[in-house]
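Next up: the structures, one after another.
Next come two complexes, and both contain chain A; in the first it sits with chain B, in the second with chain C.
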Partner chain A sequence: MSTTTDALLTIDDLRVVFGGRHAPRLTALDGVELRLAPGESLGLVGETGCGKTMTGLSVLRLLPPGAKVSTGSIRFEGEDLLRMPERRMRRLRGSRVTMIFQNPASAFNPVFTIGWQIDRVMSQHLDLDRRGRRERLAEVLGEVGLPDVDRIAAAYPHQLSGGMLQRAMIAMALVNRPSLVIADEPTTALDATIAAQILALLRRLQDEHGFGVLFITHNLPAVRQLCDRVAVLYAGRVIETAPTAELFAAAQHPYTRGLLASAPSVASRGSRLAAIEGSVPPDPGAVIGCSFAPRCPLAFDECRRVRPPAVPITPTHESACLLALEPDTARASA
Partner chain B sequence: MSTERSAAAPLVEVRDLVVEYRTRGLHGGRPVRAVAGVTLEIAAGEVYALVGESGSGKTTLARTLLRLVDVTSGDLAFDGREITRISGEELRRLRRRMQVVYQDPAGSLDPRMAVSELVAEPLRTHERLRGPALRSRVLELLTDVGLAQQHLSRRPHELSGGQAQRVAIARALALRPELVVLDEPTSALDVSVQAQILNLLADLRSAHGLTYLLISHDLGVVRHLADRVGVMYLGRLVEESPAEPLFADPGHPYTEALLRSAIGDAGDGGDDRAATPIGDIPSPLDPPSGCRFHPRCWLREQLEHPAVCASDEPNLVPIDRGDARRAACHFADQLHPSSESRRAS
Partner chain C sequence: MSRFLGRRLGTAILVLFGVSLVTFTLARVIPSNPAALYIGPRARAEEIARVTEELGLNRPLPLQYLDYMGDMLTGDWGTSIGTKRPVLSEILDRLPATLELLITAMVIAVVFGTLLGVLSAQWRGRPPDLVVRLIAIAGVSMPAFWLGLLLQVLFFRQLDLLPLSGRLDTDIRFISPITDVTGFFTIDAFVTGNWVAFGDAAAHLVLPAVTLAAYPIGLIARMTRASMLEALGQDYVRSARAYGIGERTVVYRLALRNALPPTLTVLGLTLAYSLTGAFFVEIVFNWPGLGQFAVDALLNVDYPAVMGIALLGAAGYVLINLAVDIAQAWLDPRVRLA
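Right after this comes the complex of A and B.
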């Protein structure tokens, strides 16, 4: 197993299954591989059910009941998270690794003030007295654009707008100075003008503090704005990774290309959109060969027999497609 | 409103529409003006899109047009006939001519009914179809929306999101309506499925000569489908324009901000902070004085806070950047040069 010392997060061959003894077994993650360098922001994109949220929850070891990791490893700052005792794991969550959720209204407890909730996160992890925590709270609220500290700290979640609550949640995620922030659809529930403010804020804070971001989303344009690199997930596997600009300009995998082509744009006006026909396989673990082959316009016989490995196209761009392996011969036989 | 109209008359006319909701409790019955004086027309065969954020009034406007919400003041006309206060049999006949497709297909379909019953229901109630005639019309509708015989016996939970939305569309088309209100028709769908549904909507429009009122916050969808666009902000129409010029050269600072916020469209988004609105959307319970956008307006900031923005509400008036374009901004003529220089810098 690789122990690259300069990686912040390394996920190797991660498999997560649902069910087992009493329920049918269903594969949620089918061998996910990811690398995240310190201070890097990696977009994890894919459609409903592809496993992107499951990947984030695996890192925090917060998988829902019924789901469990069957194989694989998750290394964070050199330590294997899957073997870490629960006590240590609890110390890690909320301090070194934190999470920003999609719906801030349900991530906060409605019966406590924002100030109390952020203070509690601090008191469990930071060695600061009341006054020190008070100062840190003011500092972090200022950083996320909520300078009216007394009012915000005394407010209950329902007294703040969606945009302000999302800022407060970012403050809570950053208050203990994490090295990795997992952001799961942080702007999906927000209006467009507010979402743009939140993304700009995240990007600025990341530049200033240098934490790594695992940005989970189905929104490709948002990835383009925030991320250095993108990993595309399909049916529980990473099928392509590349630096953001390269992925948008020169995607190799037919699924990534389909995803990019199906988004309406200026050019698509008045013409037909390139929809990806069919739907995601119900149990990716049961598919022999490439899980995208049944929907792939370029699939040939080999695709249904062999599971394509991730193939480097450039030193920073990988694609799990047989066409990437030997582009010319493969196309000729198709 | 006159009942005699030329053939070129718009299919839908909305005049000075005001819709108020009464709130209870804490606000002591203070009315919320969800739609605060909107005038617009939709031509037959056109796709008219209403865009705006939470509280803009776009959904209320559409629901009022469907006569699901009462008009507080103003007039509505459909196909040249006043519909603001009709009721009984007249309203029932009108309802067949305008249908709606909602955002969440699973929530808008009765979970206990099979697809065949769901599509047959409007035909049974309104057209009194029975037996083989009913069956063949149901099949025809399902074929129209890209479903097959095998889907007939499925229930909503056995359908994918895209299939369920196809069923909702088949139901909406069953009575051969002239106007279909599409309320965020693809917001709940993944992008690859969204593309299938958008293609279908475009096909159905040309096959049946439909008029669409599209309500969406997704500018990509609007740009793909709409002929004309109305931009709403806190109950007011702030800009109205044919779609292409609006996206190329917005006529209102809010529209420009909305386009800039449509993340990623501006490429790397390096300079997008210039036109990003300041702060949060105010509550429709207590809209700002003067121009409702003024507290968040980046253009007002650039012009160093002219007093008129906070004192006088601007009217929606023609602007000199192309035909049929209207905007409600005291400084609409300042928008273009300043955004040019901003882009250049």
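Right after this comes the complex of A and C.
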């Protein structure tokens, strides 16, 4: 059995563009490649605007109006999501693949109770009667650390704290027993101690239930706590991917090294990468060579001419940098 | 919720108090000689003196106001100069017809205005949206009497589908008379199983109700469109879609529930307009409601009648806005549970 058929999620050469006919064309994702094994937790990190959210939304086929996938494929449990009819796609959302959002206070509908909203997600996908759903709700709320089921279920979003709401959101994400959970900055809106609790909860639930997690964040310490593997996104491309420990210990790509160097040791929010001069190219699709070259302290002529391919450094560690290809010759010619 | 209710109720009572002050001022203070006005033209001096004494017009104003309030609260709204009958019974005789028209029009306006607004938001920028916006503009800008005439020409003269005017065919009175229950012909005919009369009453109701509904439909459609667009852009709509909730539920249940409060506000505001609009529509369609009575009262300077109608209108307006506020609070748990 090859790794591709084993994979839970495989994203190949995914390109997402904004605009086109009327608005100016802008490439948001420029050939993203990702693999996620069943039960694996993959961190997707990178600066603001690098395309993390677009990657997550592409999997659910919920890109904002104006954005569309131009090429590439997304395979989930062996099925091509980009070719799936909308009806089947809708059955997948909220059951096999679920999403946890950044701001729990606005992700719930303010005029319905939490219990109603989770129940609605269950009745959409599960063939359970009212009592069965009630039991499942109690079970899942208990799992996320909200054992006072009656009170939580009857509460409206404004009556719960951010931390409780995010727990409820996790309950909603898990209630139909998904195999993939996409968490888009699930702790950014919470304060540090609550954020740590939520991360620990996610980790524990993942160990217990074995769902895969695509953890989107720019919080590197959080990645360290939660993820088995990390993919670093820069200007719409994955520029380096490695097991978490290896990435933190031996990052190859100059961008990753800058990212690690600029991250404060405590949880950072919205890190602007003070350590790396310059900014992300406005339209990565228009860059010919390496999109990081303009900011890269180690860039040489070749970097501005060729798009670096992903190069294996170890069997599990890849980097899209010419220096990884032939470190010595490349540096010599610089 | 109870604190909220208490506050709103307090405001409503204050407003009614203010309105009574205004009507009192208009009736007793501004006319240089209310007694002469009451008797009518060519009043003789001793008659004026008698009436002045009778009505207590020579007493201090605050006491007069108390008397006036007392009369109003005990149902003595004065005697119409035009018909020489008590104003209150004149009004109560005609009120059911006006209310039947007004309520039907409002139900039509809420249902269609909301539906059009939702469709418009769903199809933003595409042909259905443009059509709805045209309808909304037409509804808001077309004068009611003109629309009424247009509908009469089309549905009575050209198509011969609906009656021209009135509330009921005269034959109904002989063939299948309506038993009075609520004063609303359609409801009375319905609950007594009088299908002949029900069909006739409903047919008579269609054109005036649609005419009266046109303006609020336009307003409600525009308001609903705007608030639906806002709701559809919210995070919770994105989450619902991300959880596979069907589009119909997302739009008509999850988003619309959040978009309703602004619509309700508009409804409350437009009702005052529709109340006066109803009078014009009643005249165009020869509808036996308060309209003709109000116009006659105005033209004949029938002060007691005008004041009665004004007070009734103000009370109705205050009550409606109170109801709207309560409905709003009930719709929004953030207010209801505060």
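Note that the second predicted complex is superposed on the first by the 320 of 334 C-alpha atoms of A that agree within 3 Å, B and C clash if a C-alpha of one lies under 4 Å from a C-alpha of the other, contacts with A are read in each partner's own complex, and residues count from 1 in each chain.
Basically, a residue touches a chain if its C-beta (ideal position, glycine included) is under 8 Å from a C-beta of that chain, and two chains touch if they have at least 3 such contacts.
Computed from a prediction, not measured in an experiment: that's the story for all the values here.
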{"item": "Superposed partners chain B and chain C on chain A - clash or fit", "value": "fit"}
{"item": "More chain A residues in contact [chain B versus chain C]", "value": "B"}
{"item": "Centroid geometry (CA): angle chain B/chain A/chain C, rounded to a multiple of 10 degrees", "value": "80"}
{"item": "Touched partner set for A:199, first chain B, second chain C, both or neither", "value": "first"}
{"item": "Contacts of A:48 with chain B and chain C, given as first, second, both or neither", "value": "first"}
{"item": "First, second, both or neither for A:316, with chain B first and chain C second", "value": "neither"}
{"item": "Chain B versus chain C as contact partner of A:60, first or second or both or neither", "value": "second"}
{"item": "Which of chain B and chain C A:161 touches, first, second, both or neither", "value": "first"}
{"item": "Shortest CA-CA distance in Å separating chain B from chain C in the superposed model", "value": "6"}
{"item": "Contact set on chain C toward chain A in their complex", "value": "234-236, 238-246, 249, 254, 257-258, 331-334, 337"}
{"item": "List of chain A residues in touch with chain C within their complex", "value": "60, 62, 90-95, 98-99, 101, 103, 106-112, 120-121, 124-125, 156, 158-159, 172"}
{"item": "Contact set on chain B toward chain A in their complex", "value": "53-54, 160-162, 190-196, 198-199, 202, 217, 219-221, 223-225, 243-244, 247, 257-258, 260-265, 268-269, 272-273, 276-277, 280-281, 296"}
{"item": "Complex interface listing, chain A residues touching chain B", "value": "47-48, 161, 163-164, 187, 191-197, 199-200, 218-225, 245, 258-259, 262-266, 268-269, 272-277, 279"}
